[in-house]
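Same chain, two partners: chain A is paired with chain B first, then with chain C.
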Partner chain A sequence: MTRSLSSRQLTVLALVLLTIALGYFGRDLAKAMDARWLVKFPSAWVIPFKTWISAAMGWLIEDAAIGAVSFTGVTRAVAWLIEQPYDLMLALLATGFVSGQGSAAQVLLPAASWIAVTAAVIALGHYCRDWGLAALVGACFAYLAVFGQWDSAMVTLASVLIAVPIGAGGGLLLGVLAYRHPLFERLVSPILDLMQTIPIFAYLVPILFMFGFGPVSALVATIIYATPPMVRITIMALKAVDPEILDFGRMAGTTRRQLMWRVLVPSASHSLMVGVNQVIMLTLNMVIIASMIGAGGLGFDVLAALRRLDIGAGFEAGIAIVVLAIAVDRLSQAFAERMGQVRRQAPRSWAARHKRTVLIAALLAVTWLLGRFSPLLLDYPESQTITTGAFWSDTVQYLNVNYFDYFEAVKVFFLSWFMLPIKKVLLGIPWPWAIAMLTLLGWHAGGWRLALLCGVMSALIAVSGLWAKAMVTVYLCGASVILATLIGVPLGVLAALNSRAGAAINLLIDTLQTLPSFVYLIPVVMLFRVGDFTALIAIVLYALAPAVRYAAHGVRSVSNELIEAGLVSGCTRTQLLRHIRLPMALPEILLGINQTIMLALSMLVITALVGTRDLGQEVYIALTKADTGRGLAAGLAIAFIAIIADRLVNAGARGARARFGLES
Partner chain B sequence: MKPKTKLSCRNVWKLYGANAAAVLQKDPNPSGADIRSAGVIGAVRNANIDIAEGEIFIIMGLSGSGKSTLVRCLSRLIEPTAGEILFDGADLLRASESELIEIRRHKMGMVFQHFALLPHLTVLQNVMFPLTIQAAPKAAAEAKARDVVELVGLKGREDYYPRELSGGQQQRVGIARSLVTEPDLWFLDEPFSALDPLIRREMQDEFLRLQARLHKTIVFITHDFEEAVRLADRIAIMKDGEVIQVATPEELLMNPATDYVAEFTRHIPRSKVLTVGGVMTAGAAGEGEPILQSMRVSEVAERIISAEAPLAVANDAGDIIGAIDRKAVAHVLFGGGEPA
Partner chain C sequence: MKKKTASICALALSAMTAASAAWAVESNDPIKLTLHDWSGQLINTKIMGSILQEAGYSIEYVQADYIAQFAGLKTGDLHLAMEIWETTGREALDDATATGKVVNVGETGLMAIEEWWYPSYMKERCPGLPDWQALKECSEEFATAETAPMGRYVGGPVTWGGFDEERVEALELDFEVVHAGTDAALFAELESAYQRQDPVVLWVYVPHWAPAKYDGEFVEFPPYSAECYSDASVGVNPDLAYDCGKPRGPIWKAAWAGLQEKWPGAYGIIDAYRISNEEMSAMVGKADLDGVDIDTVVADWMSANKDRWSAWIAK
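Right, the complex of A and B next:
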């Protein structure tokens, strides 16, 4: 070890080996030296961040006030504002308009009939594109009715229809503000960064405190989760407006407001719609998580099924979310395209121009009227619903009964040869050594700033008393990322080199990405039961996509000239891949792995449901106990891990690009 | 009678860089080397221009010469680092934001290289836009917009969207939109550069036809010297942020200020620029129906060459002021031959 200190590479290797050795024997070593504080952070040194945060939260809710307006008053007003349109939407789609409460309740007007709603989305599909889209969304909604998911789906749809306009509109306003005031942009962009790395769970707890358990809390959480990308896209889209258009607007003598709302925003509308689509997808992603703090609907069905391990019901409700997501996503995309398109209308009467609207309004009225006599027109008859729940349960049971040994063998193999060794090493590394190594790594990859960031953040995790849980997080996340990279990068390379395989792989990845994260858990839990291995599989499935996508993109975008140069030099196909394609694609591949790490960390919290013992579990427990300090501290620790990983990998990718002269 | 000056700029500087203002404070007239050593970029350097009412004033230069920056200083789309810009005698740089908005709404119009049409509005709505934001009465605004659309030859396409039109048609919309407020001062920033050569020619003719009717004061930017010569009353040539010569096309050809200007003029057919008055023998006697001195040589070359004797040249008032013969025309046409 000492003989090669002159060589930098050997030093790095030596440090890595030393770290692993320390990790492996750390426990025994610490015991032998009678210095257990080295591996286990002494509880006496812990700074009670949790208590402080909880106290601050308590003060905020109990005492905080500006003049006569108390903080609780503000949150109540916000809740009231959101509740009004939500109640209206919910009444229209799901519960019907009711007067009175409890047993004295009288239905004034039932909810819109499933026939009218389905007809409305079909009309919308036809309006936005063509009969093809109309058929697709019609089929999606018919599926919801036939498979008995209608009522829950409408509750979910109502919250989506409220959250999306608020998220998109609010994001637009914030983006406009940031575009106008660079100072505000500088203020808001690190917050956006943090928002996208803190797991959603962490802020569910304070929201729960401020808004109470119920659909409004769920809406608030959804909006907070779905708005940041809209802000970013708005800033980007406004900046990308052709400078000539900006000049024109000013030369036409527009006031600032006119310039923004009549020139810039309409000119950027196409990109803005991409942002709206993002908001919609994120809103649907939140459906299940939001149900933990009181959203009903499909999310609640999945969660409830997951808690009682009812695979059939969970799977059905999960699929219903996917179906709903597909319908809403395709509709919004088509709508965005249509906005950018040219359409010409002959001058006709209002009714002639709004045929579809008239038709749907008529249908709604007729079904309401006739619904009094025939309930079939209002609600899809329960006797006609199909359920596949039993089928899924039976399948899983069959697999478990007949192939239990095989599954068990796979699980044991992975656990004992892959996961447990990693876990042992990570937990064994003395924390002062780990912090030192991270700081060194930061310095090596990105100078003293990064070193400082890595050092301070990892030290904060240690002093908040979460070191062991953080290491379990790193272990689960690391093992999943290694596995996802080992599977994903070769798949991506294959997709780039072979177009037929590429099509199949793309389809697979698209499907994986539309599924809400929870849906992965259900079948895996059924086959492998709760535990780390189950979490690992769910995380790998969820986080696989970027590894594949970026690798494929990186390999594809290697310049043709370089390939030709390789061919002319007489490279074989393997040599071409090894010496030209892979090295050139390395920066992209690293970025993909970075994304994979981020997704893995966000999935980690969800896998807390299947009994992991990491920071995610800490957040989840805090949520069930409504312990703000505990939840936020653990959530921030996860965010710190994410930020350290993100900065380190990015610095590595930048270094690789700089070496190839792709970036200075 | 000298026409009155509509727009002029005095010692206008535009420097880009961290301490641009400080550089000019230290030395109000820094040299190129000073500017470079201070680490700033001199986009416009000490520009002095007077533009007369009703004239077509062309600012010509290659890309990066600062012509676009200068015109944006003149319209105050870019705030100059130093200098003053007099519009109708008042300093535009001192106008408040609301005054500037009023001036732009009523007195200035601008046409852009890439048209800058709003994609979400129809032709008619685009043309109406400047009136719409002034909250003009809708019916009057629409009637006005229809008039200008017809003026630029787009009648019948009022309800098209920009992307459905060809480049030339889109620029006609841009022109109509800039004229709808009846501005006095009309900026055109490389209006035809993005068009095909054939369409460009057609649009230039159209532009001259419009100007013959409207008599605007025009500031026209181009990098195409042929276009400049064809359209301009006067041309300012810019290089590296400096205005190196301001002159009529004819003067530029006859007396280029620098080799750089001479290089530009070399490939221009001289007969299309030089006027009869410029190459005639003043005071000489000639015969036949007199030729106007303001005519281009190319327009009358055939007649002069086929005539046996020198032809008489008259000024606008009809007085005979000189004569022109074959030799002078041949020299213009074939250049480099025996001096006349």
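Right, the complex of A and C next:
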């Protein structure tokens, strides 16, 4: 492609090169000019946001009241409301029904037997789809029993069964409200942005104060984290419903309520299920962090195992989380599909119509009754559990002892030729210049509104005194996103073009997303030592998924007519890919990169656990010192970075789409 | 099966409390004890819980984060935390007691030691150890590609404090301090180096399972004194503070301020409770290295020390 650059492109190129040069020599330059304030934000100019936030939080928790009802009184009441169904679920699945409290409690009825629970999910699988699904979820639950994860898994399952309906249902209601009232949508949109981008660690401490200690706080934190995608997808799905269907509903004389719940929501149900899937995945993502504030269950097992450096046990508990995620997700998908179909009911007795329910109820009663004589029916016998623990520890040891030098060489190569140069440039750019460039970029990509947003947000980061840490954050995320894109996009294209590879890649991506990153973080530390490179690996592994998914989706959805047109004009396979598939998929790929950036940023708090020195670490320190203001200030800075990146990439994607005529 | 033993225990306990109605307890509400994610703390807490149960109190274990638990202790959602380390938790504990909503119930009898630690095989490569002067001579032995020619010292998470950067400067050691983000990452470094018999020097603390699993010892720095930290002129380096080792200190028990009022008897037992480093190290070793179930370890201690804990209850 020979095309002379327009003067506008030339200016952009020159500015980019100038910024890089400025960054590379920034420190020396600032020193030579005796103007260190250019690269290091002067501490005298810092506005003490964190003290203000702490004071506001203190007031909210201790003094705030509406009349006689204090703010904490309200939050405690909410906590009580959530606690009731949770306790019921926990009793049924894990602890058994008891009278009395604490250790004085008498067991009235033990928890449901593992046989009954497994039979119930198999029956549910069969009811929702077929024997294939039944076998899959049955195998999942059998894994939990056989690998000795049953008790913890049931605690986790209980919290998932409470968090997911509240998150999905609440998200749906908020989405409907936002669809009906555009003003509400405009109000809720920035709040959703913050909910998705502020790291959970930042608001854990205030939540503990408001909702009390224990599983309920963990549930609330989980719900805050998992709900936003549901709201967004609901709004999007409702807007995307074919207007003809809407007109049809109106012609049939529906009321507003009927139109919403009988026409709109069912027509959008397919997209809505994507939201439910996201809620489930995010809920299970939170399991580890929730266990830090008292949720217990599998997350706690992972943490405790890794503290003993028992890699195998950590891995097995981690896989149990993946297995649980797969079972709950597949069941909910199938359930929604079945709800969409209308079936005529045969006029038979209740019991005849509900064979499975009757069977399970009977099984439950029988195991409870006979369980008094044979504990085997209630608890899976411990002597029959198997473990692969030693295998994983041995594998890591083998790699460590025999291949450490190679790992070291790879690490040094990446550090000195890839990561450190990026770090040097980013930390060297004078902050006034960086803010100016971001504003200009915003203006170039999306007009004055975006320019204003970029300018104000980056300036806020600077005046809160977090500039250097923010730049380390951008460096770590930027390097990870570049790597994740380089690996993820080709994988996605491969998955789209070859269905067999696609299936394998899909499984890999699902596992990477639900396997708690803490599980592989510790072996990675053993092989690569504590430091930025270890964090980079962890972030890339976690943030890979959307790059792959969106690339695959983009390549798959290129219209057949275009492909045929290419074939007719004699394109080879490579040409087809290079000149038709990839350019047409570019907007989707850009959206995938956008999501990759979001995930990379959300991973930062986890990588703080291996000793990075960025905003994630700042949030983590604030958590361990229970410093609300410090945590929220750093959390907001991360959110600002995320929002700037999101808006810029989205504006870029829109531009790309417009260029290819996909959107006007 | 944990649940089964727990229910059997509860049954046995209810039978016992019925028999010995002489031990009337002030309130039947459960006393909530916090559990963290390291075995020593689990053992310590479960022993305390078992003793309280023996005394007729109803108890409940709640999983909680080490620092975040203070939020719960202040509001009375949680009642007792058994391990607040002088070295890592003192700041949070002082903050909490200053509000008047949390009280320090005194020492557990455990002494925390935190210091630079190296595996024994390093003595061959750096013969002067454990004296700290030796580190000056052979800092290059501890170097890695990233830190060379400086040695590499793996410190604890930033939140643990410890003043290692200051120590390195004050004692003129050619070391670079690298912070591990968590306890798990810290000991993963040790495990990895130990498997390869590679050089390593890092922050280790006791009571912990690591000194039992790996053969090695603490570096001997000039002994800690409060003046050494606060006054630059004291110590080896006349111009800088922190030219000595780290302080050693007790592990405290912390409780919700209302506990004494609601369960005065229980408060007395908690106050009397003492356990030693040796006992704890042995139990942690059993649990983490030999794979013995924590409940079994606790039950063994309870049956072996019946006289001791009976005396605490009788007080």
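Basically, the second predicted complex is superposed on the first by the 520 of 664 C-alpha atoms of A that agree within 3 Å, B and C clash if a C-alpha of one lies under 4 Å from a C-alpha of the other, contacts with A are read in each partner's own complex, and residues count from 1 in each chain.
Here, a contact is a pair of C-beta atoms (placed from the backbone, for glycine too) under 8 Å apart; a residue touches a chain by one contact, two chains touch by 3 or more.
Quick caveat, the model's predicted, so the values are computed rather than measured.
Colleague: Could you look at A:267 and tell me whether it touches chain B, chain C, both or neither (first, second, both, neither)?
Modeller: first
Colleague: Which holds for A:609: it touches chain B only (first), chain C only (second), both, or neither?
Modeller: second
Colleague: When both complexes are superposed, which of chain B and chain C contacts more residues belonging to chain A?
Modeller: C
Colleague: Classify the contacts of A:253 with the two partner chains as first (chain B alone), second (chain C alone), both, or neither.
Modeller: first
Colleague: In the overlay, answer first, second, both or neither for which of chain B and chain C A:296 touches.
Modeller: second
Colleague: Figure out whether A:475 sits in contact with chain B (first) or chain C (second), or with both, or with neither.
Modeller: Neither partner.
Colleague: If you stack the two complexes on chain A, which partner ends up touching A:213: first (chain B), second (chain C), both, or neither?
Modeller: second
Colleague: Thinking of the overlay built on chain A, is A:620 touched by chain B (first), by chain C (second), by both, or by neither?
Modeller: second
Colleague: Using the touch definition from the top, say if A:379 reaches chain B (first), chain C (second), both or neither.
Modeller: Touch status of A:379: second partner only.
Colleague: Of all the chain A residues, which ones make contact with chain B and with chain C?
Modeller: In chain A, no position sits in both the chain B and chain C interfaces.
Colleague: In their complex, what parts of chain B are in touch with chain A?
Modeller: 72, 75, 77, 101-106, 108-110, 112-116, 118-121, 129-130, 132-134, 159-161, 163-164, 187
Colleague: Please give the residue numbers of chain A that touch chain C in the complex, ascending.
Modeller: Against chain C, chain A makes touches at 95-96, 100-107, 110-111, 151, 204-205, 208-209, 212-214, 291-296, 300, 303-304, 306-309, 375, 379, 382, 397, 400-401, 404, 408, 412, 415, 521-523, 525-527, 529-531, 607-613, 617, 620-621, 623-626.
Colleague: What residues on chain A touch chain B, complex-wise?
Modeller: For this pair, the touching residues of chain A are 242, 244-245, 247-248, 250-255, 258, 262-263, 266-267, 269, 339-340, 342, 344.
Colleague: Inside the complex, what are the residues of chain C that reach chain A?
Modeller: Interface residues on the chain C side: 1-4, 7, 9-10, 13-14, 17, 28-32, 37-39, 49, 53, 57-60, 62-72, 75, 77-78, 91-92, 95, 144-146, 154, 157-159, 178-189, 191-192, 195-196, 198, 209, 288.
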